[in-house]
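Just dropping this structure here.
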Amino acid sequence: MLRARFAEDKLASLYRAGRIVGGVYLGRGQEALSAAGGVALRKGDVFAPLIRDMAGRLAFGEPLIDVMRTYLGSRLGPMKGRDGNIHRGDLARGILPMISHLGAMVSATAGVLLAKRMKKEKGSVGLTCLGDGATSTGSFHEGLNVAAVEKLPLVVVVADNAYAYSTPKDRQFACADLLDRAKGYGIEGEGVDGTDPEACLDVLGRAVQKAREGSGPQLVVGRLLRLCGHGEHDDGLYVEKELKNSERGRDCLSVMEKMTQDRGMGKDWEKWKEAAHQEVEEAVKKASEEPVPDPFEEDWRATRTQGAAEAWVEE
Amino acid sequence: MLRARFAEDKLASLYRAGRIVGGVYLGRGQEALSAAGGVALRKGDVFAPLIRDMAGRLAFGEPLIDVMRTYLGSRLGPMKGRDGNIHRGDLARGILPMISHLGAMVSATAGVLLAKRMKKEKGSVGLTCLGDGATSTGSFHEGLNVAAVEKLPLVVVVADNAYAYSTPKDRQFACADLLDRAKGYGIEGEGVDGTDPEACLDVLGRAVQKAREGSGPQLVVGRLLRLCGHGEHDDGLYVEKELKNSERGRDCLSVMEKMTQDRGMGKDWEKWKEAAHQEVEEAVKKASEEPVPDPFEEDWRATRTQGAAEAWVEE
Amino acid sequence: MSITYLDAIRAAQEKALRDDPSVFIYGQDVGKFGGAFKATKNLAEKYPGRVIDSPISEDAMVGLAVGAAMEGMKPVVEMQFADFSTVGLNQMLNHAATTYWRTGRPCPMVLRLPSGGTPGSGPFHSQSMETIYSHYPGLVVMTPATVEDAYSMLLEAIGMEDPVVFCEHKLLYYHLKAEALPSEAVPAFRAHVARPGRDVTCVAYSAMVHEALAAAEELAGEGHEIEVVDLRTVKPLDTDTILASVARTGRLLAVGESWPWGGASAEVVARVASEGFELLDAPPQRLNAKDTPIPYHPNLWAAHRPTAVRIAAALREVLRY
Amino acid sequence: MSITYLDAIRAAQEKALRDDPSVFIYGQDVGKFGGAFKATKNLAEKYPGRVIDSPISEDAMVGLAVGAAMEGMKPVVEMQFADFSTVGLNQMLNHAATTYWRTGRPCPMVLRLPSGGTPGSGPFHSQSMETIYSHYPGLVVMTPATVEDAYSMLLEAIGMEDPVVFCEHKLLYYHLKAEALPSEAVPAFRAHVARPGRDVTCVAYSAMVHEALAAAEELAGEGHEIEVVDLRTVKPLDTDTILASVARTGRLLAVGESWPWGGASAEVVARVASEGFELLDAPPQRLNAKDTPIPYHPNLWAAHRPTAVRIAAALREVLRY
């Protein structure tokens, strides 16, 4: 969480300094929920993060250097500069490279899990994240329904931050709570206070566990606010003051800090902060010095099969 | 209902005789639910039927001759031979011409209702029908959600006949009952025995009434079976015997006949049958004698604006 | 006063809302927020109830517009980015586009697509989608290149009784400026000679018009007169204007920002080859983006799309023949 | 033994299931029922758990296949009709097609599209969608015209490491027959001279190959030798074979069953005009369906699509020049 927050703070300032390639979309205030997902997963699992999941990514094991490589346009990043920032992924590590179209990753993650089942790879879980707004997409519906029909070990985490960009939830859906959708898919669901790190760990741990044990898809709805604009170009002024000042508007990181102090670990917290800071700075420095993509060296071929294949002959 | 049944029986035999242009998809066994929708609506309302809604169409006022014109390829049909059969519609009468893509009519019907509201045309209801299988489409989800957000007077009738073509419901969704979806959209829903004509009239009457009074979208799920193949090319052998022999497999028309007889209206029933038969035969005869489309007279232009428009000048 | 391409789009929508009560705007964040690009800024306040925030449901957004259009309204739907319109494509291609021919009744609506590449926006926020929409019958597809056209063509689009796909180029939103909004305009279906010349006809549309003009300027320095034809609308395509130009120049280069296989540039070359074969003194050529997803890194992006430099090189090739 | 085009498709899937444990089939009603057209008949029984009925969720069907392909499986997805693939299009164009270039990892999957018009099937059960899929980078698009190709190309498609769109023509399903399945085949990316000739090159693909062959036969009676080139795969396009043919004949007619704006026929004409200008003795021409939705009534349908009669007329025009 700390690394995520500092990394994002750094990205925001680099963005303001004009040093970022592309846009910057942050997960400020949503770290607890996101990180809990990454923590609950283990190696061999699949993680399909969305735009606000820096914390979950790092918790799941994404190297910080890969983050900075993407934002700073290094050619050594996981997407080689072809795609970037929030879309970065690393199939070898089990991180799916998201496409922008909201909802699309739900069925894709289900597909990975179906493949694992067919390959008789047991015990893997898939976890995908999205926002409250993304639940309005047909993709979300189709994907979750398919996962339910196949009873796949898929955890879908909805970060309900009450807004989709500027659109408040009453313009997005008419149900009282997105958790009300679980029953319609015949799956289990649990809500959680997304500003409470311990509750998040608890609920996500349980959801992942259930999925792993064969209980089928799990829906988790975390209630929280994003404590930043939609992207760094946005001031987010449309978020209602009342909401901001409510419990929901708490900063999960402050909650975490207080918790740590209450447990007499205030010194550790400071140490962690220091370490995280340093790690971020080092990654930024390293990535900044790396080569950028070169169009002349680039392989401009979008398919792996090139030209005419060899004649096909029945063996 | 009688007219629908006879019309469809006739179409089935014409299909076997090779006299039908295109396919034939029937609503046998689903007439009670479908007709109840047509009956509950009134002039000025909008009806978006699907492939098994002959009964609802006729009850809503679609002329039988237009039915036969489409199936027999008359040029005088509402779609002039350009599109046909189950896709026929008549915007002037409030019958939306469906496209094949399942789920697509939900948002379109919502759009008609939104337009009526913006035009300050009050009191109109829209009713759209679909099958259990069509609830798996993203279109259904997006359309119903949008209607709920806008609180439109839309009634969505799901004819749950336990199969989508050959696919049984446990391969289609994992919820116990499709009615469980209503809450997730924040709307009201009611289930009904689709083989019971009185219950259908009752439930659909109420749903339409509620929508008309401003209670927002209504979901109605009718449980029944289709007593025919998916289309007339299909024998429907995949439908489980047990299900066929259950209450759900009753023929709503037999139920209706018995009800009529029980009320001492047996003679009337016979008279209605006779009249319906005759009407169907006459429509078939008339439509058969009408001219077919002529490609040389056809207007092959897919847009209304043709060629270069006149220069635009600010008034 | 100085008016941007984006201002023009906003102004056209405002005028349409003012003049025609059947017009309304529907899209994500278009209401109080004024849209992701601010193309509807202040319109919700001025026209209450007629500038409506939609859920993230592109299929339903277009479907709803189809229904509303059939019922006599004139919806203007904003996609947040053109790229997301794939999700609403079925309703556009199979519903909006087929309604008039199938039923004889019009389906007047406009789908606004913030299109085209900008540095760093990558594979899913950079697409030009006119090819897909133009291929299917029943749609009008406009691709304005100037501030004036953005205004007058959008007004014409909203006034039309057909479904119109309005491809706005994001790269032009802020930089392209004009002194004033036009009070009259060439009809949207007519192509426009943006720069006269007699050596090569360079057909372009949308942002590529400006790259073509820059290339023409460059070649003027080398003594060549390039005629730049701005298609303005790609479906229907104004073949007459193109052929008239090729009749003058005898040479053709068609430029498109979208991918090479089967886009507007292929259509232009095919038409000229078929209908204007004898006018040609050299093989008609095309220039498009590379056949890969649109790269995120600006270095790669600059090499992926046709630019003035690449257009100039292609024009020199055509001239060399 | 007599094998239909549909049998060949079924046989190829069976062979793939047998030979490669990573292959599975996913689609509506493909399981016990064997698919709407019976292209997967008996396969579920023979390969339990590997021929899977899907809900009516085209977006999720393709999305699921993308995920499975990224995880090393080789999914074959059947759309019930090509026309419904618009609903799954986003996952195909933006997810399947971009994965390899974006990540360097393959996304091997096949999307089977029962395509093309048959009498009475109307606007939503008759479409040919190769244009849309070919325009976007990252996909291979196959359009087999013969029983042999249906078999060998589908096998090649399933074996390929790229996402392949496999456009099968419904009109050929039952009528087209061969004596036996091939045991070797021309590579899928190579076009094939289906009938040699020296007067005009007629480029076609899918069902249009047979209309072109019939037209060629008709013109043979008038003393003209038409060379029919079957594209087989429209993306990538085998320009070499086309140019070699035009080098022999000097004349070109490109035929496509899809709509006129920007399809494979436009691409063929544009390439020949650009790369083979000097080979041409006459303007290269195109023939396509009319630019309206596909009519339901057989009378209208027959006039809407290119037929042997219309192709013959177009060929005579090309010869007359």
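Chains: A, B, C and D, in written order; residue numbering restarts at 1 for each.
Definition applied: a contact is a pair of C-beta atoms (placed from the backbone, for glycine too) under 8 Å apart; a residue touches a chain by one contact, two chains touch by 3 or more.
Here the structure is a predicted model, which means the values were calculated and not measured.
S.K.: If each hop has to land on a touching chain, what is the smallest number of hops from subunit B to subunit D?
M.R.: Counted as steps through touching chains, the separation is 1.
S.K.: Any idea whether A-C or A-D has more C-beta pairs in contact?
M.R.: A-D
S.K.: Express in whole angstrom the distance between the two chain centres, defined as the mean CA positions of subunit A and subunit B.
M.R.: Centre-to-centre distance between subunit A and subunit B: 43 Å.
S.K.: Quick check: how many Å separate the C-alpha centres of subunit A and subunit C?
M.R.: 34
S.K.: Using CA atom averages as chain centres, what separation in Å is found between subunit C and subunit D?
M.R.: Centres of subunit C and subunit D (C-alpha means) sit 30 Å apart.
S.K.: How many Å are there between the centre of subunit A and the centre of subunit D, using C-alpha atoms for each centre?
M.R.: Subunit A and subunit D have C-alpha centres separated by 39 Å.
S.K.: Tell me, which residues of subunit A touch at least two other chains?
M.R.: Answer for subunit A, listing residues that touch two or more other chains: 79, 82-83, 87, 99-101, 136-139, 142, 145-146, 149, 171-173, 301-302.
S.K.: If a residue has to touch 2 or more other chains to count, which residues of subunit C qualify?
M.R.: 54-55, 57-60, 83, 86-87, 90, 94, 97-98, 101-102, 123-124, 137-138, 290-293
S.K.: Sort the chain contact graph into one of these: line, ring, star, complete or other.
M.R.: Complete.
S.K.: If we count contacts the way the header does, which residues on subunit B are in touch with subunit D in the complex?
M.R.: Against subunit D, the touching part of subunit B is residues 21-23, 73, 79, 81-85, 87, 99-103, 133-134, 136-139, 164-167, 171-173, 238, 292-296, 298, 300-302.
S.K.: In their shared complex, at which residues does subunit D touch subunit B?
M.R.: 28-29, 31-33, 36, 53-60, 81, 83-84, 86-87, 120-125, 290-293, 295-300, 302-304
S.K.: For the complex, give me every residue of subunit B touching subunit A.
M.R.: On the subunit B side, the touching residues are 136-142, 145-146, 148-149, 151, 170-176, 180-187, 216.
S.K.: Would you pull the subunit A residues touching subunit D in the complex into a rising list?
M.R.: Per the touch definition, subunit A meets subunit D at residues 78-80, 82-83, 87, 89, 91, 96-97, 99-101, 104, 106-116, 118-119, 138-139, 142-143, 145-146, 149, 301-305, 307-314.
S.K.: Okay, in this complex, where on subunit C does subunit D touch?
M.R.: Per the stated touch rule, the residues are 83, 86-87, 89-90, 93-94, 97-98, 101-102, 123-124, 131-132, 134-138, 235, 237, 258-259, 261-267, 269-270, 272-275, 277-278, 280, 282-286, 290-293.
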